[in-house]
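There are two complexes below, and they share chain A, which is joined by chain B in the first and by chain C in the second.
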Partner chain A sequence: MSTDQTVDTAVDLGLEGAIEGSAPTHEELRGHQWLWILRRSLALTRTRIGVGIVIFMVAIAVLGPLVAPHSPTEFVGAPNSGPSSNALFGADALGRDVFSRWLHGGLTVLWLSAAATAFGIILGTGVGLVAAYSRGWLDDLLMRGNDVFLSFPAIIFVLLAVTAIGPKLWLIVLTVGFTHAPRVARVMRGAGQEIVERDFIKAAEVVGEKRWRIVTGELLPNVTSPLLVEIGLRMTYSIGLVAGVSFLGFGLQPPTADWGLMIYENRLSISVQPWAVFLPVLAIGLLTVGTNLVTDGVARAAIGLDRGGES
Partner chain B sequence: MSAAEATPRPASVDVEDLRIALTGTDIDVVDEIALEIYPGEVLGLVGESGSGKTTVGMALLGHVRRGGAVGGGSIRIDGRDLSALSQGDLRKLRGGTVSYIPQDPGTSLNPALRIGTQLTEILEAHATSMTAEQRTARLREALEEVALPSDDTFLKRYPHQLSGGQQQRVAIAMAFANRPRVIVCDEPTTGLDVTTQARVLETVRDLCRSHQVAALYVSHDLAVVAELADRVAVMYAGRIVESGPRERMFSAPRHPYTRRLLRAVPDIAGKRTVVGIPGHAALPGNRPEGCFFHPRCEFAQDDCRKAFPPVTDLGAAHQVRCYHIDQVAREAPPEGAGQADAHQIGANVVLAVQSLDAHYGSRHTLFDIDLEVHHNECLALVGESGSGKTTLARCVSGLHKDYTGKVRLGDDVLPQAARSRSNLARRQIQYVFQNPYASLNPRRTVGQAIARQLTLFEAAGGRGEVGRKVSECLERVALSSSAANRFPDQLSGGERQRVAIARALAADPKLLVCDEVTSALDVSVQAAIIELLGKLREQMGLSLLFITHDLALIRTIADRVIVMTDGRIVEQGTTERIFTAPSADYTRKLLANTPSIEVALGNVTAPAS
Partner chain C sequence: MSGKMILRRIALGILTLWLVSLVVFAAVIALPGDAATAILGKEATPARVAALREQLHLNESVVTQYTQWLKGILTFDFGNSAATQQPVTQLLNDRVANSAFLVFVASIVAIPLSILIGVWTAMKRDRPADHITSTITLVLAALPEFVIGICLVLIFATGLFHIFPAVSLLAPGEKAWQDPQVVVLPAATLVIAVVPYISRIMRGSMIEVLESEYVTMARLKGLPERQVIWRHAVPNAIVPAIQVTALELAWMAGGIVLVEFVFQYPGIGAALVDAVANRDIVVVQTVTMLAAAIYVFLNLAADLATIMVTPRLRTAGR
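On to the complex of A and B.
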């Protein structure tokens, strides 16, 4: 618009370029902003610690069942007996090996959370970007509908569905994902609204690009930074929610090994055999802290990019 | 005649050998800046993007932008060396002895404070010895000086209740309120319409004269500087390459850059071919050895590549930094740009708009518009902001759907929305946007953007075929085919606009709608884009609908002109007729208010006023 805006930009970019040496971007990453954000975020200590924790926890969940000394349902000693050479962290309330159950119990939480996150992100991004692009009545309809779902506490909604239909895993994925969607939608609509006003969207309209192509081809690649942050954030919440549902007894059913369920089963004997509660709590806690650290790093990298890389 | 000769008083501004470098490096942003401004004198500091003109302007306020620091030289304001002043003294200086008129009053005035409060603040900060009554009196006086009402109702207004021109006047009143000795104007009229601009410029000039204020007027607009300044200094890549009295600078410039710059400026006084400057200005840290202009200079020889030329004094305060001024002087003068050729306009109508009325919500924005664009014709739509010219362009291209009346392409009446139009119709009308920084998707390479256009509108062949066609499109706008792999943020503004044009042409259109396509660009780049559009029109038999607020530009490119105001057409006719014998009062007013180098120098008489 005003000429001096370009003057300032040119000078500022010149200054920054000269200060930081070469342009910070890597040629092949330019088209894939998300790769470039991830790479930059890895330069931050917090992200590295987070990634370390997450890799460690995922390794436990995935490889745990292979190295577990016992079957998760095998009785190894007296109920609530303490650590011994046979059972490293003792036996649980039913006399099963705490350590083996712990090694077996992470995978379900992980994949349920990942699937719920994916579902929530896809649904939410779709709704948010469509609302941002359409403006007008469709925007109002989608976002007011969104508000209705937002007013529902997530856990109540999940429990309601699970008690009504039954403790099915697919139902947990759907409902947890569904509770994420309105939150994601609101963020993505906000990010999209600013992009929609730019002329390249009009340039696409004037040549007759289809609506879905504008949303996926023009809009989506320009909102990758908030999207990455949302993925991390929703993953953290998913882990908490899925574990919470299991703890309340609406997730996996006994005798399956599961972190949430382990806490539930052993909560009464916590003073006698604390390991059976402490280990799964630690696992869930670490996983959440890890994903949170990664998300935070990504968010910082994305902000840095938005400040310096755009023009 | 400069004020220096007339009154041998000490200069209000005396800058010597000023150097501003990037912090912690020996890369300079500007260097060897020397200038003097005498009381009552206006010095025009001209330069293109990144030339460092704003940096110099800010330095007079004792301010250096983040990332830079003064690396040498001295700035004396009213005899006081700024480097010797403490932060507290500098604060007292700013707004008191030196004041500033910003570019955009819309962002420099505090939207939450009343006009009266903001003016009082300035006075309270500096005129501490004044009583409240004296302040109020001064405040009203300041407003009267800029021809604004000074009654209480006006003082109680908020900035958003004023027009852009009024806001700028308030900013000027604030700048002059403390009776400064020096004033720095940073393109204060860039965002304003010509009519408003003319009045603001007059106000600034009169106030500088009457209060004997020395003014530094920073601008990229040579015509404005020609009308306002007593002396002119031209900056290129952080150096002043030429400075001198206004008349000599515009009629007998000696530096090759000044001459090229003048050839790039269109003028309402005559139909002339504008010529761009090839290449781009080097940014700090990236400047060539020797004279910074040599890679773009037609006179460059070996000595130019070795060291930056020293200052040559030509007498009469005219100084230039070039080794080959004698050779430059022998060349034809810049006016030699000559007349643009007339060209053949086809008889058949490509686009016709018939009794079109448009609405924005409940607002009626266009009234009964009729126009025709012929084959190979360039029709210019001119008007000030809010005249509806862009809305009309958007109706034509199907971006604005809320209209009644007919838009015909050839024999077909087009549906309102671009989406409901046939692929052929969309292909034949292509739109080039104002701001090339916003019209290209930052996540897509140039090649992808053009290839998409090709696949939309042509039976695209294989990948190799598309790649070859993309290269062809880029060559047509004088970009190398390697640009296909670049992202928009790796290109300059001019290059981006070329890409936008290349993308439009990839569809092989009949009509190109150009919406202020050069207003975000520097003059030398603007000239190059205008040259390009003229050439493409000949080659491809294009028709152009050229929307602009710049009358001078129209004289250079357009065959016919439509003048619009408040959503109505007030006059239309051939370009020659509109410029030599305008019939509508509004057109006459526009012409009279458009700054012109030729008129300012007295080479031609002003158009009917």
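On to the complex of A and C.
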């Protein structure tokens, strides 16, 4: 036996219990299972707090550049000078306005993480569902390949690629997404295996539907609950990885304003000008906590759905 | 049957590592243009480029390059660092020891602490203490490790208190355990990063065990509650936590990269970051292989441990 997907998901989300309540009716569910789960998850206070945090942080990232008092590259004072009336949180190691750079610095983290998550989810779901549906040698082959890429710690895999090709943004999106794929594939394969045994799949086969249609049209709509949870989890990890790579100096390059890069640029002057490090750290932390709270709520709602299906 | 299962599992681990080596080796081929020039930069003298080409076996076929490289790895001869010309083994020796010490300190704190928290919250199930703990672990589990590390620096090193050093500076040749102060904050960061995961699994598995018949039986026999918990329930509840603990220890192989960079701790993680900045592919490949080997080994060990402690699996097919 090897570590299977139940352990994998459990590691990521030690779930304590589902949301109580009645199971959805058939009508409510038809075609809108994911909507039902999302609505249901909002019954939890934690999820609401998470949604609030995420909306707040996204608003800062998107609207921040519009309201920033200075340009992110404008010099406003002596390097590492403290807060003043001109610069609310002081100046960074190069004398630029910390607050303005912070307001400008969220967008890159957000879209890179979202793109990496999308890539990882699509690739992982594709591999997982094809493996679940095909069984046999193709399943074995895909899962062996999965094990190989699981053996790389995510950050080390990204760094290996950066060493070979250089600190390119598309590379970071691709490699961060790629490190998610085997983990997503494992979960989706596990979810798909149960569905593959059901009668409606056999019915579709008998009718002569194409394999591709069965995977996308029959299998995919029935694994939306684990898929939603995976999207949330991978987004949380993407944010940490993308910001982490920039924090190591291999992501966004100067003079871009980016939360990860801000920490990298100002880490040596942390004792004289803590704001330049604290603000981006706070932002990244809040964002990941927000996405994780939402994910936790969605996972609980999804468990409720699965239990409802049994009775 | 059980022996066959173990052998099969070991063979799978070796196969995985071999495939990993192919991927790691492919990184050299992925270098754009001439690998030696890409590593050394355009200003490199032709003599140095030629020397590196020789060292990486770039003048030979791809298959020869790979077999030479693999032979080197298997005999612990990883070649020379392109940046410093030092043998990689010499470069990494002390650093591997320092990282191992860091992970060791973090594990001996994190594992018992997670078990305690897991057991305690399982016993306080659905009471305020349980809810508060679960919220805290949910928040901590979300935080990237470098965010935790920097927060610890701000709290304990530069901002509020000045108890521990913000950077883990060591004299050349000095080992981390000769100046244990430098390991406190990096180890604390790793502990905070893994405890939420292990303690949650421990809690879940403990709750399941507490509801089992043999625990009820032990209680009905009139055993003191402490004995019921620690002698009967905990040993059984630990089994599912083994896999997760192994996964978390393996995670540390990657987690130390960012943590060591935050504290400038002289381990392999910080060495990796330097090597990436210098495009020192030989060092990067070595560290990557090492991390992957640790992952495969820990997973294997966890599977074997699970087989050993689960009677049903141990005697399967007898």
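The working rule: the second predicted complex is superposed on the first by the 279 of 311 C-alpha atoms of A that agree within 3 Å, B and C clash if a C-alpha of one lies under 4 Å from a C-alpha of the other, contacts with A are read in each partner's own complex, and residues count from 1 in each chain.
Keep in mind that, in the parts below, a contact is a pair of C-beta atoms (placed from the backbone, for glycine too) under 8 Å apart; a residue touches a chain by one contact, two chains touch by 3 or more.
None of these values were measured; they are calculated from a predicted model.
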Touching partner for A:Thr236 - first (chain B), second (chain C), both, neither: second
First, second, both or neither for A:Ala203, with chain B first and chain C second: first
Touching partner for A:Glu218 - first (chain B), second (chain C), both, neither: first
Which of chain B and chain C A:Gln33 touches, first, second, both or neither: first
Which of chain B and chain C A:Ser269 touches, first, second, both or neither: neither
A:Ser71 touches, of chain B and chain C: first, second, both or neither? neither
Superposed model, chain A: greater residue contact from chain B or chain C: C
Which superposed partner A:Ser134 touches (first chain B, second chain C, both, neither): neither
Which of chain B and chain C A:Gln193 touches, first, second, both or neither: neither
Which superposed partner A:Gly249 touches (first chain B, second chain C, both, neither): second
Chain B and chain C contact sites that coincide on chain A, given as residue numbers: 1-3, 7, 10-11, 14-16
Residues of chain C that touch chain A when the two form their complex: 9, 12, 15-17, 19-20, 23-24, 27-28, 30-32, 134-135, 137-139, 141-147, 150-151, 153-154, 158-159, 166, 196-197, 199-201, 203-204, 240, 243-244, 247-248, 250-251, 253-255, 257-258, 261-262, 272-273, 275-277, 279-281, 284-285, 287-288, 291-292, 295-296, 299, 302-303, 306-307, 313
Residue ranges of chain B in contact with chain A within the complex: 22-23, 25, 27, 29, 49-50, 52, 54-55, 65, 67-68, 103-104, 186-187, 190-191, 220, 283-286, 397-399, 418-419, 421, 423, 426-427, 430-431, 433-435, 437-445, 453, 456-457, 487, 489, 492-493, 500, 503, 507, 519-522
Residue numbers on chain A that touch chain C, as the complex places them: 1-3, 7, 10-12, 14-16, 46, 144-145, 147-157, 159-165, 236, 239-241, 243-244, 247-250, 263, 267, 270-271, 274, 277-278, 281, 284-285, 288-289, 291-293, 296
Residues of chain A that touch chain B when the two form their complex: 1-11, 13-19, 30-31, 33, 198-200, 202-203, 205-209, 218, 221-222, 309-311
